[in-house]
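Presented sequentially are two complexes of chain A, the first with chain B as partner and the second with chain C.
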Partner chain A sequence: MSERRRRRWTAWIVLAPFFLFGLAFELLPMLTLVRSSFTTAAGWSLGNFSRAFTPVMIDSFRNSLQLSAVTALLGVIGGTAVAYAIVTSRRRVVRDTLTALADVTANFGGAPLAFAFIITLGSTGVVTLLLKAAGISLYPHFRIYSVSGLAIAYVYFQLPLMILLIVPALLGLKPEWREAATNLGATRLQYWLRVGLPVLAPSLLGSFLLLFANAFGAYATAWTLTGPDVNLVTVQIAALVRGEVQLDPALADALALVSLGVMGVCVVGYRWLATRPWRAAP
Partner chain B sequence: MRGRAAWRFVVLALFLAFMLVPLLATVLFSVSIRWDRSLWPEGFTLRWWQAVTARSAFLDTLLHSLAVGAATVAVSVALVTPTAYWAHLRVPRAKPWIELLAIVPFGLPGVVLALGLIRFYSGVPLPLINTPAILVAAYVVLTLPFMYRPLVNALEAVDARTLTEAAQSLGAGGWQTLLRVILPNILPGVVNGSLLVFSTVFAEFTLANLLVGTRFKTFPIYLVEFTRFDARQASALAVISFVVAWLASLLILWLAGRGDRPRETLAAR
Partner chain C sequence: MPYIELKGLNKSFAGKPAVRDFALAMEKGEFVSLLGPSGCGKSTTLRMVAGFEEPDSGEVWLGDENVLISPPHRRGMGFVFQSYALFPHLTAWNNVAFGLRIAGRPAGEIRRRVEEMLELVDLREAGGQFPRQLSGGQQQRVALARALAIEPRVLLLDEPLSALDAVVRVTLREEIRRIQSALGITTLYVTHDQEEALAISDRVVVMRDGWVEQVGTPEAVYAEPASRFVATFIGKMNQLPGLVEQAQEGRVLWGAHRLAVPPAATAGLAAGQAVVVLVRPEAITVTPATPGGPVEPAGENRVPASIEILTFLGSVTRLSLEVGGRRLLADVTTGDRDRFRRGEPVQLVFPAAACRVLAEQPGGGAR
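Coming up: the complex of A and B.
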């Protein structure tokens, strides 16, 4: 018994470096933020949070939440449409090439992507000039260096991610279900409303949450495209990291903790939806 | 039937245009003499490529990024491979905890990770702040999901238990089994994870900017600096970034063959 126990104990030793690393660079840094955001001179308190929510910060959360919700929704709708067009395509070349494109572009992002959009849709951008020649003036009504411009750049990385996430679920829709529905007299709309969407619902919702988190935590794209002009949570936190942390560290920590909470809800929700046992639609 | 084919064609054409136009525009822009007042470039030149690659900062930042990418891959492989193997084989009870550590980075914005690291390590007597070492550590954390998932998939696919028993019945020790038997068998998973890690690190801006900034300039930092004052030279740098990400993805696809496998992907933005 004691021999077995000793062996079990030594078995854990091999895992020690990994857990120590996780502790040192993942858990302790986060716990530092938790502790410091709940601590004021008077002891444990929520004071930092009430102080953190100045009008500017509330505005940054509103912008970030809106941008994430809109681009996640566009990503889910557009990505599902494209993924459906891909998986139902009869030509293998089309399926393989477009899946590969989604695979590759899902890795594009951040600074180079933001810059590609400046070249494409900036004030003297390639497409801007093209549209102007066609009689459509984007500027000054639209600016790529604004929240709506940022949304376009975000959709660029949301779309391929959505395609990769939803293709397996779409492949899980059995053709037999559709045949059965048709045999029972269902229209296409009825099939989608009563069979297709209910089966896909958990995947769609889970993907929405992941895309939401993906946009909410993004910083490099926003910084390259709009600098400090667009007020987002990540831009605010980065500004505090670069400069004002020394002045009011607890403030930045409180903000970081709230955004961590938003991200946590999304990722936990996604995992729950992705790993829960699959149930057939009743 | 024709109506359905038309619908598919429109959706796919719009998708292709949206995904490809910004990339092709950037490539073309980087070899254009001028392309900000006419519909088509006013002639082509390699001047911007020559100018931007001739700077010493170009090679420095490129080497910095390659070094940080390679170091991150090395640390991650050394840390995650034995752990995933051992947990898979001997300590299944540890798996949920490892999984937890490997999932948390999905919900960890770069700015928050940077803030946490700075706040914690400025309070302990370790000379890590502002060094490339802390950047590598942060990257290992950030990319844990990319390394862990393919490894576990590979371990599950090759029946690591039978292989281990076979190796040990022939007298192999623990490390010998891992390095000589298991590793060659799960190599596709290791390479797949490494490529994802490398391409993520190579393009990462947020952590590099906040953790080391100008003290150890990486390629994305150099790129962002250029976008502020010379668009044409910056476009050449953006093309290099895209090509590296594209090569890594192609290698992964090539290694994966034609199998349709779901993968967890969430590069740093």
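Coming up: the complex of A and C.
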């Protein structure tokens, strides 16, 4: 066996566990999902999808889309502002600390995050009680167990994820572009409007799509914090699989497939934007 | 009154001086190059003029206006960057139009001016292309057109050719000079390439460690270097350390050799003063050795040597020569190369007038 052929085989052998993992936990479940969602007692059918568009289900899609869009937008705006502060910070220790913090908090989600919000902003949460002692009553005007509370919790992981996504793009903005724009008469605002933001646009839009998909697929945080009170697609899918109101895995699969389509559009859009030639990259 | 005058500019970074007491006056339409090795302060000086760096002290006068109090975009300076700094999301046309649009010029004027600038840099056909679709040389032409489009009072270029390959560099430097001459625009140019600086400048400012070492025409800087640093930085220079023997007659002892130098060069020096005699390789005539040894100098110097290495450099061949344990360089035309062989003895002849003498400073430097 030639050296080149041997190396190729070695590479395939090393990669085999990854491919097996992907096959077992990505591809096969997805194929099962597709088959199940297109199958009814009568055989192949679109029946599950027609049942997926009842008013309750449409409402869950509307809520999920709105929640995802709002939290993605807040994440993009807040995350970009913080990331800009990080990359323009003169102190390296500040930059490294904030980036590490973003790395940790971007991965802090699900039930632990929900509990963290309950003990801080819940009806008997630490912050709620401190504010009450200071004469400011959050409740009943605000509830962490509502859709607005959920939005706050989502922003908690959306914002640091945005920081991680946009820092490389901000570092890719060459200082010479600003100097060139300034030399050509542009003010700071004109530089951002005519150079900075247009160059960053693909990264900003791409990051928005990723954040949108991230929120759209979130389940544990929503369920732990609000239970069935907020009607989201992921909550509906879980309810149908667990059979709390009705056991209907086929309908759950149809909903999951539609969700997969939404997230697929986001990922394809992100990839397309990521390859735009003028995208700022370090 | 000079068109632009830089007075006593100083700049330090983290306590380390980058530019020290820089002064320069330029006439309208003049092309001056700041030349020096990396870290000598030439780019910092240019950036202070442009307004990208704030000097610790000093003044920059443009006519009767001290422009240091103006922000960069009000100084009327066009700046060309080493990295081109073209906006990647705009076509070449729109890059050139950028400054005009910011200035709120009418659309018709913008169109006319951009076409004119692209024509000037010979890129009329490339207006619709994005920077990534252009070669390095084309991108730098667009950057030049963009800087000129706003009709700046002074053009500043920061090592504009250093990212380009050798052939493009030579072509483009001639283009820059042609355009500068055609427009008559006062230009301050930064480079570390001495050949480039000598080729295109009216005057050259040689810098080292933030200090100005010498200001002069390319011919003067080359022929009469003010310091040992300038002598070695600008072209090749033989350095012959010696002692003044007879100051009035222009005699210097170099090892066992007695050299004739211009009497004026040693006139102010005392006998025994340590000096360095500088001779360009092209000033030395190499002839096959003749019996009888060196002749007492009488307006010219004759030194026996042997050839160590012959290096082909195109039209000339550079000979590395050994003279009593010291090394010298001499250039001969490549047509004469066959007359010389490695290891053969030769005689070096160079006139006294070709020698420049710098007195050794106590610290070891020579001025």
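Note that the second predicted complex is superposed on the first by the 233 of 282 C-alpha atoms of A that agree within 3 Å, B and C clash if a C-alpha of one lies under 4 Å from a C-alpha of the other, contacts with A are read in each partner's own complex, and residues count from 1 in each chain.
Keep in mind that, in the parts below, contacts are C-beta pairs under 8 Å (C-beta built on N, C-alpha and C of every residue); 3 or more make two chains touch, one makes a residue touch a chain.
No experiment lies behind these values; they were computed from the predicted model shown.
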{"item": "Touching partner for A:A181 - first (chain B), second (chain C), both, neither", "value": "second"}
{"item": "First, second, both or neither for A:Q190, with chain B first and chain C second", "value": "second"}
{"item": "If touched residues of chain A are counted for chain B and for chain C, the larger one", "value": "B"}
{"item": "First, second, both or neither for A:A106, with chain B first and chain C second", "value": "first"}
{"item": "Contacts of A:P198 with chain B and chain C, given as first, second, both or neither", "value": "second"}
{"item": "First, second, both or neither for A:P228, with chain B first and chain C second", "value": "neither"}
{"item": "Chain B - residues contacting chain A, complex", "value": "7-8, 11-12, 15-16, 18-19, 21-23, 25-26, 28-29, 35-39, 79-80, 82-83, 86-87, 90-91, 94, 97-98, 101, 103-121, 123, 137-138, 140-141, 196, 199-200, 203-206, 209-210, 213, 220, 223-224, 227, 231, 234-235, 237-238, 241-242, 245-246, 248-250, 252-253, 258, 260, 262-263, 265-269"}
{"item": "Touching residues on chain A, where the partner in the complex is chain C", "value": "174, 176-177, 179-187, 190, 194-195, 198-199, 277-278"}
{"item": "Residue numbers on chain C that touch chain A, as the complex places them", "value": "50-52, 71-73, 77-79, 81, 83, 85-89, 98-99, 102-103, 130, 132, 146-147, 150"}
{"item": "Chain A residues within the chain B interface of the complex", "value": "8, 11-12, 14-15, 17-19, 21-22, 24-30, 32-33, 36, 78, 81-82, 85-86, 88-89, 94, 96, 98-101, 103-120, 124-127, 129-130, 133, 155-157, 159-161, 164-165, 167-168, 171, 210, 213-214, 216-221, 223-224, 234, 237-238, 240-242, 245, 249, 252-253, 256, 259-260, 263-264, 266-268, 271"}
